[in-house]
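Here it is, the structure in full.
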C-alpha cells in the first residue's frame, strides 16, 4: 500500500485566518493606544485643553491616574495572570493564550495611564514590614521610561509568541515563567531602593533561567547553567555592596548619600565597584559577558528577544540608577571625595564600555549562527549603553548627555534587538536553519520579514532617519564632551566608537546579504507566505523604530528631559546643550556617511579574503582563564597532601581544555577536582576519631594561656 | 498554676515515653494519636509559657522547694521559652511526618521503641533549655546523646553501626570534657547553679584563673564536638546519613542546635562575654565557623549520597551560626538565633522531602532525581523552596538570615566574612541547584506525564507543606520572628 | 620542695587528671573498639575522681544527721550525689557501646577499626 | 557452668545479697546507700543467677514482661510521688512542706516521701541492670 504524500502546499497569498485577524486587530489597537497617548502628551488638537475644560471628567481621570494602587496593579497583574494561565493551561490552551495577551495588553494600557502621575514627580509607595527592611517603589520618569518600553516590547513579543509557541511542548511553563519574569523586570525598574531592586533582580535571574533552559537539550542546559551561576555571582556581589551600603549609610533609598559616603575610605570604591560588576554581569559587560552568547542562541526565540531586549537592560539600568543616586555629586558644592570617586570610576566604566562594544562587534563578525551573532551584537550595544553611563558618571553634573544617550539607547536597542531576534526566529521557524551561510534568497518568500529586518538593521547600524542614529549621535556628543571637559585620551575612544559603528554596519550588511539577498540553489518550496500575528507584531516594532527615528524629540522632551531636570545636573548645561541638540546636523551625517562607507568596505574585504571565519586561540577565552588557575591550585594542593599517588587521572588534561565537544561543563570539572581534594583530606581524619579532639584542645589551651599571659 | 506548666510539660513527655510500651499493646494507632495530642498540648502550654514569661517575668522553679544553692533550679526566661517553642513545633511536625513514613528501614517491632526514644529525647531537650543548673544540663545532654545514637542505629542494617559507634564515642568524649569543665567551675565556686556561678566567677578569675581557662576550653571544645562545629564535624555526615529520615531531620534541625544553645547560655550567663573574649576564644570560634562555612559546602558538593550531602550542608550552616555567635555582639547573636530557627525549618524540610524521595525510590543517590518533579511535585517544590533558602534567594528565610549575618559581620569590622558568606552561598548553589534541575528539567524514561500525588500518605505531605510555607512566611515577614528574638536578647 | 608539697597536697586532683589523660590516650592510640570503650570509662573515672576530691573534707563523716550529733563535720554530699548520677550515665553508655560492638562484630566480622574502615571502603566504592 | 559447688553456693548466697540490697534501699535515708546502690545489688543477684544457671532459666525467673513493667513502674512511682506535690500546689518533688509525714529522725518511716522514692529507684535500677545484661546476652546468642 502506498501513500501519495501531499506535495508542497499551494501558494497562499494573503490568506487571513480568524486567529491572525484577531491578533492583527490587537496589534492595531495597541498602536492606536500608543498614538492616542502620544497625541495626548503632545496636546494634538488641544486634547488636554478640552479635557481641562470638562473639570468633572478631568478630576475623575486625574484621580484614577494618580491612584497608587494602579502601580501595584501594573506590577502584580502579570504574576496573578501567570497563576491563572497555569490553571488554564492544563485545560484550554486557547484561553490561556488569550489571557496572556489580554493581561499584557491591559498592563500596557494601565501603564500609559500612569504617565501624568510619573511626570508630576513620581509615585512613592512603601511596605515597611516586608522582608525586614521594607520594600519601597518609586516611579520617576527614568523608571517610567523603562516600564513603558518593557510593556510595549513585551506585548508585541507576546503576540508573536502566541503564534510561534503554538506547536511547542511545555508552553504553559514557558508562559508562567515569562509572567514571573515580567513582574520581576517591572519590579526592578520601579524599585525605590536598592533592596527592592535586588529582590526582584534575583528572582528575575531564577525565573529567566527557566526561559533559557526551555528546550532542555544538552546545549541549552549547559548554557543555562552558566547563565544562572553567573547571575547568582552577580547577585551576590550586589548583596555585599548592599550590605556595606546599608551598614555605612543606614538607608537604601535611591537618593544622594554624600554625607555618609564622604566619611568612608576605600569602602566607597568597593561599594560602587561591586555594584557595577554585579549589575554588569546581567548587562553583559566584558569580561563577565560569557553567559550571554551562550544563552541567547539556545533559548526559544521570544525568550531571547526579551532577554536581549529587556532583561539585560535591567543590568544597565541598575548601574545607571545606583551611579546617579548614591554617588551623584551635587552641583552646588565644590568637588569632594565622592566626586573624585565617581569621576575615577566613571573613567574606568567608559573604557569598560568601549572594550565591551569592540569585543562584542569583533566576535559578532566571526559568527555564522544568526542568533549568536545577534547575541554578540547585544554585547556590543550594551557597550554603547555602558559608555553612556560612564560618561554620566565621569562628567558629574555635566554628564546629562551621557545619561540621556544611555537611556535613549536602552529604549532603541530594546526595539530593534527584539525585532532582530524575532526575525531570526521567523527564519528558523520556516527553514529550520540557523547558519546564515546556508541560507539565502528568502526575500521572495518572506517579504514582510525581509522588510522589517531591513528596518531593524538600519536602526542598529545607526543610519539617519532610524532610531539607532539618534542615540548613537547623542552618545557621540557625550564622548566629545568627555574629550572637552576631561581627558584628551577619549579621542581614542571616539575613534574606536566610529570603528565599532562601522563593524556593526558591516555585520548587518553581512546578515541581510547572506540570509535574504544571496542567490542560492535552495528553493524553500515549503514556505508559503501567510499573514499571521508574527508579521503584525514585527511590523509594529519596525514602525516604532521608524517613528522614533523620524521624530526623535518626543522621547527626549517628554521622557528624558523631565527626568534630567529633576536631578542635580547643571541646569544651565542641560538647557543650553541637551535640549538644543540638533540630531541632523551636517557633521553627524558626514560621520555617518564615513561609517557606512567603512562598514561596506569591511564587509567587502572580509568576504573577499574570508576573514569572517577567523577563530581566536583557546587560551584567550575567558572561561579557560577562569578554570585553569583553579585547576592548577587544586592540582598543587593535592600533590602537597599526597605525593605518592597522582592526584588526578592522567586524562584530566583533557578536562581542562575548553574543547566544545567535551561534554563536561565547568561545574563538572570543578566538582571532580574538589572530589579528589576531599578524598585526600578527609579520610585520614575519619580513621582516627578522637585525634582531632586531642590536637585541637591542646592548641586551643596553649592559645588561651598565651593570650592570658 | 502557669509556673507549674514547664514541669508538667517535662513530666508529660517523660510519662509518654515510658507509657508507649504499654499503650502499644492496646493499639499502636492509639499510641500515635495520644502522642500527637500530647505534643499539641505541650506546644500550647509552651505558647502560654512564652506569653507569660514575656509579659510577667521569668519563671523560677525550685525542685522540691529547696533553695537555689541546695537544689535544682529551673529558670524559664524568654530564651528558654522561645526555643522550647521552636523545638516543640519542629518535633510535632516531624512527629506527624514519622507517623506516615513508617517504612524507612525500621522494622515494625521497633516502632514503639522509636517513639520511646523520640519522647525521651524531647524530654531532655526541654530539660536542657529550662534547666538553670549545670550538672542537670549535663545529665540531660547525656540523655540526648544516648537517645539520638539509639535512634540512628535503630535500623537493622549494616551501615549505621560503625557510624553510631563513632557518634557515641565522640559524643561521650565531648560530654566528659563538659563534665570536666563543670568540675573545674565547682572547684572554684562550690555552686552548680548558673546564676550563683556567674556571681562568683569574677572572684574565681582572680584566685584560680587556670581553672577557668580549663573550664572554658574544655566546655567549648566538648560542646563543639557535640554540635559538629567544623573540624569536629567528622561524625555528623555518617550519622545523619544512615539514620531514618525522620531521625535525621530532628537530629540535624534541632539536636545539634541544642548544644549551640547550651554554649550560648554558658558564654552569656556563666563566663560573660568579656572573659570569654579575653582568652581569644571568640577568635577561635570565628575561625572554626568561617572554615566550616566554606569546607562544609565543598565537601557537600562531592557527595554521592543525598543525605550525606545534607549532613555536610548542616556543617556549613552551623558555621553561619557559630560566626554569628563568635562576633559577641547583639547583632551577631540576633543573626545566630535567627539562623538557628531558619535553618531548623529549612533543614527539616529538606530531610523530610528527601525522605519522601527515599520512600518512593528506595535509593539515596544524588543521581536518581530525573523527572521526580512530576512524580512528587509537592515534595520537590518544598525541596526547591528549602534549597533556595539554603542558597539565600530573597523571599526565603535563608536570605534574611544571611542578610542579618552580613550586617552583624560588618558591625564587627570582619569584612572578610562578607566574602566567605558569598562563596559559601555560591557553593551551596552548586550542589543544590543540579538536583532541582534534574528533578524538574530532565525527563525520566519511566515518568508518566500525569502528576501523581496520591501515592504518598497525607501525613507525610502535610508537614512538609507547612514547613515550606513557614520558610516563605518568615522570609517575607521576618519581623514576626525578629520581635521575639529581640525580646529574648533584651532579657538574656 | 614547694612543688613536691603542692603535688602531695593536690594528689587527688592530679590523679583525676592523669586518669583522664590515660583514658584519652587509650581512645586515640588503640584501634580495638573494646579498648576504646575501656578508654572512655577510664576518662570518666578520672572526672569522677576529680569531683569526689573536690567534695572531700578530711575527717568528715557521712552527711546524715542523726540525733545526738554535736557539731558534726560532714563531707560535702553534693559531689557524691552527682557522681552517682554520672556513674549511671557511664554504665548506660558503656552497655550501649558494647552492644554496638557486638552488632559490628556480627555484621563485619571484626572489631578492629582499621580493618573495619578497609571493609567499609571496599563495600562502598567511591565514584 | 555445670559446677555443683558454684550452683549450690549461688543458691545460698543470692537470698543474702537480695536481702542486703533491700536493706540498703530501705535505709537509704538514714545511712549511706539508697535506691541506686541497693538496686544495683538486687540486679547483681539476678545477674549472678544468669551467669550460673544460664539465660533461659533466668528468663523464667524474670521475664521480659516483668522487666518492662518494673522499669516503667519504677519511674511511675517516682513521678507520681513528685506529682502529689503539684496537686497540693507546691513545686514538683516537694517533701515535707507538701504534707508528707516527717516521722522521727533515724527511723525507717521518716523523712517523708524519700523512702517511697528510694523504692521506686531501687526497682528501676534493679530491673534495668538485669535487662541490660539479658539484652547483651541475647545479642551474642543471635
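The letters A, B, C and D name the chains in turn, as written, and every chain counts its residues from 1.
Here is the rule we go by: a contact is a pair of C-beta atoms (placed from the backbone, for glycine too) under 8 Å apart; a residue touches a chain by one contact, two chains touch by 3 or more.
The structure presented is a predicted model; accordingly, all values stated were derived computationally and were not measured.
With A-B and B-C as the two chain pairs, more C-beta contacts join A-B.
With centres set at the average Cα position, the gap from chain A to chain B is 43 Å. Note on chain placement: the centre of chain B and the centre of chain C lie 28 Å apart, centres being C-alpha means. Annotation: 67 Å between the Cα-based centres of chain A and chain C. In terms of their C-alpha centroids, the spacing between chain A and chain D amounts to 79 Å. Of all residues in chain B, those touching 2 or more other chains are 169, 173, listed in ascending order. Of all residues in chain C, those that touch two or more other chains are 24, 27, 36, 92, 103, 127. Taken as a graph of touching chains, this assembly has some other topology, since it is neither a line, a ring, a star nor fully connected.
Against chain C, in their complex, chain B makes its touches with residues 135, 139, 142, 145-146, 149-150, 153, 158-159, 161-162, 164-165, 168-169, 172-173, 175-176, 179-180, 183, 186-187, 192, 304.
Contacts from chain A toward chain C in the complex involve residues 675, 679, 686-691, 694.
Of all residues in chain B, only 4, 7-8, 11, 14-15, 18-19, 21-22, 61-65 touch chain D in the complex they form. Those residues of chain D that touch chain C in the shared complex are 30-32, 36, 105-106, 125, 132, 135-136, 139-140, 142. Those residues of chain C that touch chain A in the complex are listed here as 24, 27-28, 36, 113-114, 117, 126-127.
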